[in-house]
Each structure stands twice: as C-alpha cells, then as structure tokens.
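Two complexes come next, and they have one chain in common, subunit A, joined by subunit B in the first and subunit C in the second.
And now, the complex of A and B:
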C-alpha cells in the first residue's frame, strides 16, 4: 500500500489530492512503526506526518494555488540510473544483514543490555525509551530540540516575521465571506467536542512520558494540533487573540533555554553537562526531575514552533 | 575558590558548544538588531578564546574526552578533542567571529533590524552546530548537528537579496538532504553490524566485519553522502550558485567553514572509524579519489578563469581548492595528509578573507560583476590591497600560507613518484595565477565606471577583519608551527592508527 500511495502521489497533478494522500502515507507508516513495536515513533509520525505537516502544506497551497503547471519533460535517464544504483546498493547490503528479530544480533548484545537491565536502577523511568532518549543520549535530544528551533528561525526569516501585521493588528478585509467554517454545524460541534480532550491528552502525554510512550515531542505536536484545529474552525483571529503571535515567538527559545539550563545547572553542581544525577542530593531524584524538566522544555519548543509556523503561513493567505 | 578554574577547565568542551548555542535563542528574543549583534559577537569571540584554551590543552598530541550527561561511552555520548579537532575548532570559531564582526555593516543595507537579529541567530546556530559536529565522538551525534548546520545554511543562503538565492538554496537543500540521508543510512548500517554508535568503539568493532556486504554498502553510502556535503567534484553542482547568491559577508563564513567541517568529518570517518586499510585497501577509495580530484582541480580552475562575476569566480576556485584537499588525503602519505589538513586551515582563512574583501567592495558598488569592480584599486585602495595579498596567497606564492600547503602537496606527490600529478598541480597553479590575475588586472588597471568614480573606502568594521585575514595569510606563510607542524603530527597519527 505504501508503494501504491507513493506512485499515486507522483502521478497526480492535483496537488490537493496529493497532499491528502501524503497524510495517508504517514498514517500507513505509523501503522508499520506500530507493528515494529516502536510506539513512540508511531505516535510522532501520526501526529506530525498525518496531522500537522498536512495542514502546513495545505496552508501553503492556499497561497500558491492547488494545481501544478504542466512542465516540459526533462531528461529522466540520469536520475533513473542513480535511483536504480541506490536501490541495488541497499538490496546488496541486505544479503549479509542479520535476520529480522535475531536475538544475538550485535544490536541486541552490545549497548542494549545495559539500557534494558540497568536503566531502571540508574535512571529510573520504567519507559526505557525515555531514559535512553532523555538521559543516556540526552545530548542528542538536545541537538534535536536545536534542529526544531533552527527550523523555526528559518521559517520566520523566510516568511518575513515582524514585517507583516498579525491577524489581530490587521483591519478585517471588507468583503469577508460570512460563510466560514464556523457556520458548518457538524464541524463546529465535533471540534468543540475534540479540542478540550486533545489538550488534556497532550498534557497527559507530556507528564506521562516516564511511564508510557510519549514525551515532549509528541505532547508538543498534539497540543499544537488542538490549537490549529481551533484556528481552522474559528478563524485565525480568535486563535491569535488567545495566543498573541508576538509573545508566542519567544517560546521556542525559552524551551531550548530551559533544556540547556538543566544541563548548565548540573555543570555548576559539579556534574557534566546534562548529568541530571548531580542536580539533587539523591541521583534518582535528580534524574527524575531533570528528565521532567527537559521534556517540558522540548514540549514548549515543539508546540510553540508548530503554532508559530501555522500562524505565519496562514497570515500570508489572509 | 581555587577549585573553580580547574572545574572550568574540565567543562571546557561543553562550554565551547554552549557559548554559541545558548547565545542563539537569546539573540532571537531581541528585536533590536544592534543588541543581538553585540551578544553574538561577544559569544563568538568568547568561543574563540575557548578554542584556544582547548588547543593549548591538547598541544603536542594530547586528547580530551568529556562524557555528556555523565554516562561513559558507548552508552552515553562522548565528546573527544584531539589536535585535529582543535585546529578545526579554531578555524570555525576564529573565522566565524571575524566574519561576525564585519557582518553588521554588511547587513545594514539589506535587512531591517528585527530580521537582523534572526539572521544573527541563524549565524550563531550554524557556528554552534559546526562546533558540535567537530567535537563529537559519536557517529549519530554528527548527524544531529549536521541537520542543524544544514538547515541554518539553507536559511543563510536563501536570504540573499536576489530571488535567485531561493533557487540556489533549494537546490542545495535537495542535494544536502540526499547527502544527509545517505550518511544516515551508512551510520544505521554500522549500528546494525556493531550495536554501537561511539566512534572509538566502532573502530574497534568494525575490523571483524570487513568482509561483510553491509559494511561495504555503508562505506559507499557514506562516501557519496559526505562527498555531496564537501562539494567534491563531480558532486559540486550546488556550490557555485549557493556561494554566488548568498548575501554579502555570509559567503565568507560558509566558504571558510561549512565544506571544511564536512571534510573533517570525512577524514575522521575514513581514517578513524572505517580504517585506512579498509577504505583504501579493500574498497579502493584511492583509485576513485585521485583521478576525480585531479579532474576537479583542472576543470574547476579552468571554469574559474572564464567567469566574469567575482563571487562566482571565487566559488569555482573553491571547488578546485577542495580538490587539492581531497588529493592530499588520497595520496595517503605523511606529506599528502599534512597538506590536506594545512590547506583546510589555510584555504578557509584565505577564502574567507577574499569573500570578505569582496563583500566590502560590494557594500559600495552593490554588484559583484567584474565590470562594476574595475578600477576599484584606486577608489578603495585598502580593501583592494587586502584582496591582493589574499589572492597572491591563494596562488601559492612563497611567504604566504598558500605556498606551505601546496609545497607539502607537491612533495607528497613526488614521494609517491607521481611526477605527472606534480606537473598537473603546477599547471593548476598557473590557472590560479590566471584567474586571480584577471581580477587584480581589472581592479587596478581598468578605468572605473563613471557611476563608481568617487566611492569611498569601506567601513572600518569590515576593513579591519579583512586586514587581519591578510596579515594572518602572511604570518602562516612564515611561521608554520601552528598549521603544518600540527598537521604533520595529525597525519602521522592518522596513518599510524592503521
């Protein structure tokens, strides 16, 4: 089904349908991650791929128009050769790969045992993914938060932040269509029903990352999607009344700084950067609160980035 | 109280990264561009000081390891600093800070204040991520910071005044993404074989898999992916446009650092992780790299000679110079590697200086075409003077930095008894004389166009960094302890590791 979807996307001229299919593609791949027991990844893929990014692309489409122009045919032979070679290389590599799920594959015998057996003692959270992500490899995760922040800054620069008036400051266009989505009663009722639980669920995912699948990345995206849903139904202006974009623009930085601050405090307490154990007298407590704090930092950054990007895209189409 | 300095010294590797990485979000919060610029400049100069301190610690062949999060490798992520790391750190921070100092004037004409602070933020992020790539001892961590640096670079390029900057950035984005994906596949394959991501641990565990097809595929993906990022001929397609259309002084920073750090990653992985024997013996990297880099040097130099836009000319010259470094690496002897590492530093310095001098001229003329720059030697003598010194350095005239690296490269080729290669190198230097000479000829001996007849000398905040670059070029042409001396030790280390 994945392959069929991809072919359909490539062949379609109608961009709207292509975007819908891309959302479908993400949903499918999140199912695959689910089957592979990577629940956390499936979570993120469903929220980011199927949810947020589809909406972003739709918002972009609202600006540029929804059908692609016919282009002259270009030479396709060189790309074809390159793609074939890449595929052949990947197949070649599979010949010597350990079989799927072999217990004695190197992946399972080298660093993994310590993560599996001792993380409960050393770090604390029952969810091992969380302890690897936030503690053992917390530096990587710090980098990832940096990636999200960089993307935010990039979008802000390119879309011209600060040079346009936000929806709030702008005069309402005179010929505004009265027929907005607010009038569609089914949509409105469903949205009203959903938004509050989704927000609560986001908070649950945020604080429950220690115990079950979830954490800052997922929670941030879920939180943002609730806000985006609100903005879609009730219009961008009421949404910006709740979250003024000028203030919102500070939050990605604040989240990243919060993450770093945890690390720096640990440095002042005599540990290394991001060594949460040094935060408190009891290393376990230190790990626990350290992970909670950095997950909060990630959550703030991700949610604020998502909402910011959505606002600045939709402002352009106002 | 006496404990605090020693503690600070221990924490230096983390401090090195955090200075710029934390200054970035702080900068983004100010709407006042001048204030952000001050923060950014202070942060980048502090990071230069930090790089010097680290270099001082490892000088002579030491190495520092720092455990991020307090977890020992391979479970946690390790930061490793040796002499090669330290010199690349110095390159990134010092040249980054110099360009940052000059950036404010350079941007003032094309951007509003609010945008400027976001631009400094991006610049700092780019610098921080390059530092992150350089210091890490973890294969996956390289990729994380590579993502930041790529995103930041695309943004920096796309903000050029010209709309063409957008296509240049988009093209780079596609190529860069393919490169990063290939590197990710390569690292994934290595993880599959060994179950570790730590570089030192990888290098111990890979040799038993030398006959494994997964490792072969991993190596192929890595080489192509990183060659895309280095812009190694014939995968240099994105570079000329990206350099030509990126705004003003930014080009100086990108030309100095982005490709050099990728090259550093290439050296690290090929020599330290995969191992020389595997890369050059079993996988025959040399037979691929030597002809391609020589072809790259000649083709790109020749293309440079026929350009009539100064920025594009220098961009093509960069492709050629990257060829020198690749060749130095592929020669696989002490002199060759010494030249690769030395030239990495020297070329970063000279190219950054050249682009910066050019940016100063463009600040006045608003155009980088050679026609607009003609006669500029009389109206802006100081800027053109710095440009001339740096240009002569790039050709490789004795008593400039360029001579040192070329000397080692030619001796490396002669050590291998590759006389034709040495001759081709000298021919390529003649081409360098042709394209640098062409620019200097236009600048000094052509009459200035009427509209630019009475332009003033460039602003001091740009002129002084230009001259620092120029004087450093002469200094490192005479005193080679820092560059070639260190590079020699690094080279014997890398070769000895096999």
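And now, the complex of A and C:
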C-alpha cells in the first residue's frame, strides 16, 4: 500500500493531490511504526508528517501554484537508470543484513542492553525512549532542538518576518478563502469540538512523556497543530490576535535557553553539563525534574517554531 | 529468507522512488515531497532494524522482558521533527525563488538565469566598447 501510494505521487503532476497522498503516506508509515513497536515514533510521525508538514507544503503551494509541468522524455530516463542501478546495489547490500527481528543483530548488542536493563535504576522513567532522549543523549537532543531553532531563524530571515507588517497590522482586504471556510458549518463545529481537547491532549503528552509514549517534541507539534487548525478555520488574523507573531518569535529562544539553563545549573551544582542527577540531593528526583524541565523547553521551542513557520508561510499567500 | 529481508526491500523501493522524484521533477516543491518520501523510508529502515521478535514497546512494565531497541526510536523521533523544520526551510527558499523568478520550475529558472547572464555580458561589452571609444577620442 505504501508502495502504491508512492508510485501515485511519482506519477501525479497535480501537486495538491500529491501532497494529500503524502499526508496519507505519512499516516500509513506511522501505522507501520506502531506495528514495529515504536510507539513514540508513530506518535511523532502522525503529528508531524500527516499534520504539520502537509499543511506547510499546502501553504507553500498556495503561493507557487498547483501544477507541475509534464516532464520531457530525456529527463525521466537518466534518473530512472541511476535509480535502478542504486536500488540494485542497495538490494545486493541487504543480503548481508541480519534478518528482520533477530535479537542478536549488531544493533541490539552495543549500548541498547544497558539502556534496557539499567535505565529504570539510573534514570527512572518507565519510558526508556524518554530516558535515552532526555538523559543519556541529552547533548544530542540539545543539538536537535538547536537545529529546529536554526531552521526557524532561516525561515524568518528568508520570509522576512518583522520587516513586513503582520496580518494584524496590515489593512488586508478580507480574505475570500478564509471567509468561506468560516461559513462551512460542519468544518467549524468539528474544529470547535476538537481544538480544546487537542490542546489539553498536548499538555497531557507533554507531562506524561516519561510514563507513556510522548514528550516535548510530540506535544509541541500537537499544540501547534491545534493553533494551526484554529487559524485555518477562523483565519490567520484572529489567530494572530491570540498569539501575536512578534511575541511568539521570542519563544523558540526561550525554550532553548530553558534547556541550556538546566544544563548550566547542573554544572553549578557540581555535575557535568546536563547531568540532572546533580540537580537535587536525590539523583532520582534530579533526573525526574531535569527531564521534565528540558522536555518543557523542547515543547516550547517546537510549538513556537511550528506556529511561527505556519504564520510566516501563510502570510505570504494573503 | 525472503521474509527476513522483506522490510529492507520495501524501504529500498520507497527510497528509490523518492530519489526518482527528486531527480526527475523540475518543480521545487515536488522535489521537497520526494525528499520527504526518501526521509520516511530511512525512518522505516531504522525502526525495522530496532525491532526484535516477540518484543514490545520500550516502556518498562512488570511482565514484559523483551523490548525493541529504544536507540533507533530516539534517533528517528528527533529526526522527524528536524525533518519538518528543514522541510519548512526548503519551502521558504522555494517561496523566495518564486517571488524572485515567478516560477519554481527548474529549467525555467535556469533559462532566466542564462538570459540574465547574457544580458549582463552584453551590457559589460557595450560599457567597455564605449570606454574604449572615449579613450580613442
């Protein structure tokens, strides 16, 4: 089914449909992650792939136009040859791979046993993914949050937030598309029903990430998608009244600083950077609160980045 | 034998389809879609490697002893979010390209660039010729 969807994307010149199929593709792959026991990943993929990135691409398409041109003949043959050759080589390479699901594959014998066996003692949270993400690999996650922040800065520079007046200040003519969306009763009622629970659910995912699947990344995206849903139905101007972009632009930095601050405080308390055990007298408490704090930082950063990007992309198309 | 590697083969097919979209399509946004497909196939690859027969999700609870490997999950989880951020960056670039050129088709952009360069060259030759004339006088 995945393969069929992808081939449909390859064939389609109508980009709107292709984007919709891409969202579907993401949802399918998140189901696959679920089957393969990766609940956290499935969660993220469903929120990000089927939600945020689809909407971003749609917003960009609204600006650049919806159909791509028919390709010329010679342009399709060369890539086809290259792709077939690369694919064949990769297929040959898989013959050396350990079979799917074998417990003694190299992946499972290096650091993973330690995480599985001792994270409950050393770090605490039952969700091992959270312990690895926030504690063992705290540095890496800090880097990832930094990358998200950098991408946000890039988008802001490219789309010139701040130099243009925001939709709120500009006296834009009433946006026809948005108006018609508001009049669709079914859409509006469903959105009204959904938005509040989605926000609450985002908070649940945020604070419950160390017990069940979830955490800052997922919560941030879910929170952002609730706001984006509101902006889609009621128009971008009311959404910006609630969250003024100028103030919102500080939040990615605040989140990242919160993360860094936790690390620095741990240093002052005599531990290494981001070694939460040193935060409090009892290392377990330290780990617990440290993880909560940095997850909150991640959540703020991710949510603010997503909303900001959505605002700046969709402002362009007004 | 066939079943053992089936996941990886599907991944390769998806990956190559993504690569094909990136290479064959001239439309910048469609290229980004292709990149996304490619990316997702890599995610599936990592998660497939992390799976263990008879395992369960890596959340500690009494009664479960076999878990899938949490490390790929962490890697991919963050990679997805970073992926959407970079996607947004790519989209922002294509929006700017569209505003500068009025199109996001690769060949049209190259054509416009070539025209501009020709014009610049001709302008500069005119300038040098006129400068020479002035010097001659």
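By our rule, the second predicted complex is superposed on the first by the 297 of 318 C-alpha atoms of A that agree within 3 Å, B and C clash if a C-alpha of one lies under 4 Å from a C-alpha of the other, contacts with A are read in each partner's own complex, and residues count from 1 in each chain.
Keep in mind that, in the parts below, a contact is a pair of C-beta atoms (placed from the backbone, for glycine too) under 8 Å apart; a residue touches a chain by one contact, two chains touch by 3 or more.
Values in this document were obtained by computation on a predicted structure and should not be read as measured data.
Undergrad: When the two structures are laid over each other on subunit A, do subunit B and subunit C clash or fit?
TA: Overlaying the two structures gives subunit B and subunit C room side by side.
Undergrad: Between subunit B and subunit C, whom does A:29 touch in the aligned arrangement: first, second, both, or neither?
TA: After superposition on chain A, A:29 lies in contact with subunit C alone.
Undergrad: After lining up the shared chain so the two structures overlap, which partner does A:154 touch, if you call subunit B first and subunit C second: first, second, both or neither?
TA: After superposition on chain A, A:154 lies in contact with both partners, subunit B and subunit C.
Undergrad: Contacts for A:144 in the overlay, against subunit B (first) and subunit C (second): which applies, first, second, both or neither?
TA: both
Undergrad: Between the centres of subunit B and subunit C, viewed from subunit A's Cα centre, what angle do you get? Round it to the nearest 10 degrees, please.
TA: 50
Undergrad: Per the overlay, which chain contacts more subunit A residues, subunit B or subunit C?
TA: After superposition, C is the partner touching more of subunit A.
Undergrad: In the overlaid three-chain picture, which partner chain does A:252 touch, first (subunit B) or second (subunit C), both, or neither?
TA: In the superposition, A:252 touches subunit B alone.
Undergrad: Is A:260 touching the first partner subunit B, the second partner subunit C, both, or neither of them?
TA: After superposition on chain A, A:260 lies in contact with subunit B alone.
Undergrad: Look at A:127 in the shared chain and tell me whether it touches subunit B only, subunit C only, both, or neither; answer first, second, both or neither.
TA: Touch partner of A:127: subunit C, not subunit B.
Undergrad: Could you say whether A:90 touches subunit B, subunit C, both of them, or neither, answering first, second, both or neither?
TA: Both partners, subunit B and subunit C.
Undergrad: By the touch definition at the top of the document, which applies to A:38: first (subunit B), second (subunit C), both, or neither?
TA: Touch status of A:38: second partner only.
Undergrad: By the touch definition at the top of the document, which applies to A:230: first (subunit B), second (subunit C), both, or neither?
TA: Neither partner.
Undergrad: What does the superposition give for the shortest Cα distance from subunit B to subunit C, in Å?
TA: The answer is 6 Å, the least C-alpha separation in the overlay.
Undergrad: Which subunit A residues lie in the overlap of the subunit B contact set and the subunit C contact set?
TA: Dual-contact residues (subunit A): 90, 95, 97, 105, 107-108, 111-112, 115, 137, 140, 144, 147, 151, 154, 158.
Undergrad: Using the touch definition up top, name the residues of subunit C that touch subunit A in the complex.
TA: Within the complex, subunit C touches subunit A at residues 3-10, 12-21, 23-30, 32-33, 36-37, 40, 43-44, 47-53, 55-61, 66-74, 76-78, 80-89, 91-96, 98, 104-105.
Undergrad: Given the complex with subunit C, which residues does subunit A contribute to the contact?
TA: Going through subunit A, the ones touching subunit C are 2-3, 6-7, 9-10, 15, 18-19, 22, 25-26, 29, 32-33, 36-41, 44-45, 48-49, 52-53, 56-57, 59-61, 63-65, 68-69, 71, 75-76, 78-80, 82-84, 86-87, 90-91, 94-95, 97, 99-103, 105, 107-108, 111-112, 115-116, 119-120, 126-129, 132-133, 137, 140-141, 144, 147-148, 151-152, 154-155, 158-159, 211-213, 215, 217-218, 220-221, 302, 305-306, 309, 312-313, 316.
Undergrad: Which residues, counting only subunit B, touch subunit A once they are in their complex?
TA: 7, 11, 14, 18, 21-22, 24-26, 28-29, 31, 66-71, 74-77, 112, 114-115, 118-119, 121-122, 125, 128-129, 132, 138, 140-141, 144-145, 147-148, 151-152, 154-155, 158-159, 185, 189, 191-196, 205, 212-214, 216-218, 220-221
Undergrad: Within the complex, which stretch of subunit A touches subunit B?
TA: Against subunit B, the touching part of subunit A is residues 89-90, 92-93, 95-98, 105-112, 114-115, 135-140, 143-144, 146-147, 149-151, 153-154, 156-158, 160-163, 250, 252-254, 256-257, 260, 263-264, 267, 270-278.
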